[in-house]
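Here come two complexes built around subunit A, the first alongside subunit B, the second alongside subunit C.
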Partner chain A sequence: MTTVSRSIGPWLARRVLGGVLTIGVASVVIYGSLRLVPGDQAATLAGGRRLSAEQVEALRERYGLDDPFLTSYGRWIAGVLRGDLGISTVYQDSVGTLLSSRLGISVALIVYSATLTVLLGLAVALLGAVRGGAVGRFTTALTSGAVATPPFVAAIVLLSVFSVQLGWFPVTGAGEGFLDRLWHLTLPALSMALVAFGVLARVAQASFTEQLRREHVEVARSRGIGTAAIVRRHVVRNSLGPVLTLVGLLVAALFVGTAVVETAYGINGIGSFLVSSVSRQDFPVVQAISLIAVTLFVLMSLVVDLLMPVVDPGVQKERVRA
Partner chain B sequence: MRTVHSDAPVVRSTDPAPAPVLSVEGLTLSVRGAAGPVPLLADVSLTVAQGETVGLVGESGSGKSLTVRSAMGMLPSTATTSGRVVVRGTDVLRAGGQALRDLRRSAVSMVFQDPRAAVNPVRRIGDYLTEGLRAAGTPRGQARAEAVALLEKVGLRDPEKAMRQHPYEFSGGMLQRVVIAGALSVRPSLLLADEPTTALDVTTQAEVVALLKDLQAERGMGLVFVTHDLGLAAAVCDRVYVMYAGRIVEQAPSAELFRAPAHPYTAALLEAHPSLHGPRRQLRAIGGRPLALAEAPSGCSFRDRCPQAVDACTEGVPALRRHGDSVAACIRPGRENWT
Partner chain C sequence: MTLTLPALRTRRGTSRARRRPVAVLLSGGFLVVVAAVAALAPVLAPHSPDATSLLDSFLLPGAPGHLLGTDSTGRDTLSRLMYGARLSLLAPLGVVALATIAGVTLGLLAARGPGWLDVLLSRAMDVVFAFPGLLLAMLAIAVFGRGLTAPMIALAIAYTPFVGRVVRSLALQESARPYVESYQVMGFGRLAVTLRHVLPNLTPVIAAQSALAFGYALIDLATLSFLGLGVRPPQSDWGSMIAQAQPALLQGLPWPAVVPGIAVLLTVVAVNVLGDHLGNSVGRTGERS
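Right after this comes the complex of A and B.
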């Protein structure tokens, strides 16, 4: 095993460096966006409050607005690397503290939503692929609808039907304790999962269908292997590559999706915080959340790449050779 | 349709062994097409005795793969059939799912054309070999031990290591040995080899054929060898069936087939094939193209391409007629009757 990990060393080094570069470039764009906002940046930072000349001067001093771009960017990114995400202009509190108090509920929502996406997505895909025919066309239509339903529409419909009319689920809030939280987060998680579910089910159904037509599946049948075992060991097993790749991207996309859904369901997490910070032009907060989103995408794709040799042994060989 | 049943006793009398491991009787098969049923096989009859090697030769689309697959009950999903396909007392065409699975786990197995496509690329060789044994209820440890022994038997140098390797780590020839080991794992009484050497290098082909023959002799299995290569079939098989457009047109002992082909199609195939022995001669291609049963003309399917065709060839499908040790579906079997 040590020889294997040593031989993919160069690949891993290149891969990590690429990820760091991606985050680096994104951080420049994110920080630079503050300077692209039209008008006086001090006024933007003040967020419409009337300030004295001394206060404006203090603000310009504090956020380094009179410094060259690279100097102030350097100061910001150095702080970020030390774990200091800056001070919120609205709350006058550390961005790190503000985020960490809201992180838990968002992570719970993402995990719940991702679980629903994977379970429902694979189940529907499997049904469509194995049954085929009319069932296959039905699942394709179902997932097409899911892909075409934006989260805010799903949120409104689910709220009006299950919370307002039927009263099965709470309209707002995040709940206390595990079960109560699960109950509160079910509709938000469903709203968020809908598009991801559709995308995953479509890709998985296509992959399952393709594997079912492969000769190794026919060979397994010719050896008297039962259908359940063939589906598990040949069809699902061989589709894990594309499924895993997609799940990585979808989980990162769910983080972004919390913005709409947390706002719609009145959940005080990272997503709704992003929306309120954008409208109050709380730039340090917006920058921090944007940077976290980019980092999450890079991390997820790295994790997927590291897991890939486990599901597709041929990948390992290519990396060692490359 | 009408012919083989009336001639069936003639066909049977040439069979060398009394208890066949495979017996196909009047198999007729069609699949559903856009414009109604498409016939693929008509009145195919053949037998394979225990320990016998039988060749099934024909061009693409002649129905040889379909015939051999029918012995495992592996038919297209829209197929309708008549006739009987009997393996070890089970009528495969009428067997239910469980009976078919039992048969495939214990009596019949198949070696496929392209080992790269036949073995699941993401799983280990060990998983491939033990899968059939496990399905038949063999305990895990015993299945593993049997798999290692089989790999050794088919000539893999380090069977323990091979068990943990993946298909991409093997050459095509080595992987075909793995597929053969997998086919043997169920201790079949009938082994079906569907163009097992077509995807391999020439030198590897000889090794794989020799391996199949050795294993067959050792285990006394019936072996059906499907190929488009008449020379290879004659070298490997005791008897050869020649198929054309979904029908069997000739059946003969291998030596007889070469010495005195009874059907003009067999003769034409031999002339189209280069030989290392004897005087150099012009290779002669067969005019026209191979036909599927659905596009075959009335009367003898081969008549449009046949240099010996006469007016009478349009009158009905020719019955199988005895000619020496051979049987041929021709109204004038044997070279001495040709012009």
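Right after this comes the complex of A and C.
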């Protein structure tokens, strides 16, 4: 084991370097976006407030508008690395503080949604693959519909049916305490999970169906091993690779998905904060959230790549050879 | 949230393959009808999409003269749906056209150009791929303000790797096949072989990816309008219709919001069915050869 992990070192180094490079280039794009604003960037940062000449000067100074691009970028990225995300132009408060007060609810939403996605996605995929026939066609139709349902459409339909008409769930807000919060977040999490559920279930069902037709399953069956054990040990186990890859990507996508459902359900989290900051051109906030989203995507794909050899030892051999 | 995944070959080689043409025909027919209705909206719409009438407000679908009902100000939902279809379809079409041209060009350059260019372009596509389309579009809106042009260009950039990566990997596979080398030995230039022989062989896959990207772009643009970041009034699309109808929905009148929601859903399903069909048929011909 140790020799294998040592020989995977070069692969890991390349992979981490690639990820850092991606985040680095993305951060230049994100920071540079402010310089693309047509017209006077200081006026944009002032957000429509009337400022005196000294205040405008202070603004240009604070955001480094008069410095060469690389200088002000360097100052910004150094601040970010120290945990200083700048100051919101709308709230005149530290972006870090503004984000941290909203992060909890969004993380809860993402975790809830990801849990629903994985549980429902794998359950439906298993049902469709094992039963096949009409059941399989039904689950395929179900997931095709789920994939095509934009989260905001799911959000308004669920709101209308379960909150307004039936009154089972609250219309807005995030709730206090664990159970109340769970209750408040159920519909938003479902709306967000729907697309991810569809994608995951389709890929998993295809993978399960393929495994079920393979010879090793045939052999296991002929040895008299029960369906449950075959599914657990031979079908699910062998399909974990593609499923895991997808889950990583889906979780990263859910982060941006919070923008939609938090706005639709009136939840004060990172996503709805991003939307309101975009419309108010609060650049420090937009830049910070964008950077977090990209970093999360790169991190998730790195984590997935690292976990891959655990579910599929063949991957490790390929990497050592490469 | 939109996930950009390559055309999934999920249903290949099953007994269901025989049934697919029905769904494909239905989807194709549906899209033709939607496109025709959008193009002919001024002729077909029973009312002006902006004509308000407080006497006719909050009519349910099926009301006389208002097939799909009216909204809180009495505007005819069917007419608004028809007019809204124009921007809802044209904008993603523009995104896909740009993304396809850019993706095919960059993918072919990466696969058939010099090695350093491949490294550079593949890295660049990795970076773009790390930006979810919706995020890049919001960044563009923050820079250039509300409207459709900036997010359309941003989404086109975001979807370029979606086409470009597939084109690159398939063009590399094609390059390894004997016919490519034969043509080059015969003295045909690399560019000519790429454009006249490699590219045509990739067309079905490109079409499949473009169809799927169209569905994603439609969802993204409708989402932006729903969030109040897309089309500006007086223009409207299906997303902004839903946003405007949300207060009524919370008061118990869901139809003005649900009807355009269903329109988005059905259009995306139809596009996905076509895209999957294209992707699948390519898979099968690939196996045979």
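Operating definition for what follows: the second predicted complex is superposed on the first by the 322 of 322 C-alpha atoms of A that agree within 3 Å, B and C clash if a C-alpha of one lies under 4 Å from a C-alpha of the other, contacts with A are read in each partner's own complex, and residues count from 1 in each chain.
Please note the rule applied: contacts are C-beta pairs under 8 Å (C-beta built on N, C-alpha and C of every residue); 3 or more make two chains touch, one makes a residue touch a chain.
Since the model is a prediction, treat every value here as computed from it, not as a measurement.
K.L.:
Quick check on the superposition: with subunit A as the shared anchor, is it clash or fit for subunit B versus subunit C?
P.N.:
fit
K.L.:
Regarding the shared-chain residue A:Ala58, is it in contact with subunit B (first), subunit C (second), both, or neither?
P.N.:
So A:Ala58 meets neither subunit B nor subunit C here.
K.L.:
With both structures fitted on chain A, tell me whether subunit B or subunit C touches more of subunit A's residues.
P.N.:
Larger number of subunit A residues touched: C.
K.L.:
Looking at A:Leu182, would you say it contacts subunit B, subunit C, both, or neither? Reply first, second, both or neither.
P.N.:
Touch status of A:Leu182: no partner.
K.L.:
Quick one: classify A:Val25 as touching subunit B (first), subunit C (second), both or neither.
P.N.:
Touch status of A:Val25: second partner only.
K.L.:
Quick check for you: in the superposed arrangement, does A:Gly257 touch first (subunit B), second (subunit C), both or neither?
P.N.:
second
K.L.:
Could you tell me the angle at the CA centre of subunit A between the CA centres of subunit B and subunit C, given to the nearest 10 degrees?
P.N.:
Reported to the nearest 10, the angle reads 80 degrees.
K.L.:
Between subunit B and subunit C, whom does A:Ala78 touch in the aligned arrangement: first, second, both, or neither?
P.N.:
After superposing on A, A:Ala78 lies clear of both subunit B and subunit C.
K.L.:
Once both structures are overlaid on their shared chain, how near does any Cα of subunit B get to a Cα of subunit C? Whole angstrom is fine.
P.N.:
Across the overlay, subunit B reaches subunit C at a minimum of 11 Å between C-alpha atoms.
K.L.:
In the complex formed with subunit A, which residues of subunit B make contact?
P.N.:
Residue positions touching the partner: 72, 74, 100-106, 109-110, 112, 114, 117-123, 127, 131-132, 135-136, 166, 168, 182, 186.
K.L.:
Which bits of subunit C are touching subunit A when the two form their complex?
P.N.:
So the residues of subunit C touching subunit A come out as 1-3, 5, 8-11, 14, 16, 123-124, 126-127, 130-132, 134-135, 138-146, 215, 219, 222-223, 226-229, 239, 242, 246, 249-252, 254, 257-258, 261, 264-265, 268-269, 272-273.
K.L.:
Of all residues in subunit A, which touch subunit C in the complex?
P.N.:
So the residues of subunit A in touch with subunit C come to 18, 21-23, 25-26, 29-30, 33-34, 36-38, 137, 140, 144-145, 147-153, 156-157, 159-161, 164-165, 171, 192, 195-196, 199, 202-203, 205-206, 209, 249-250, 252-254, 256-257, 259-260, 263-264, 274-275, 277-279, 281, 283, 286, 290, 293-294, 297-298.
K.L.:
Touching residues of subunit A toward subunit B in the complex: what are they?
P.N.:
214-216, 218-226, 229, 233-234, 237-238, 311-314, 317
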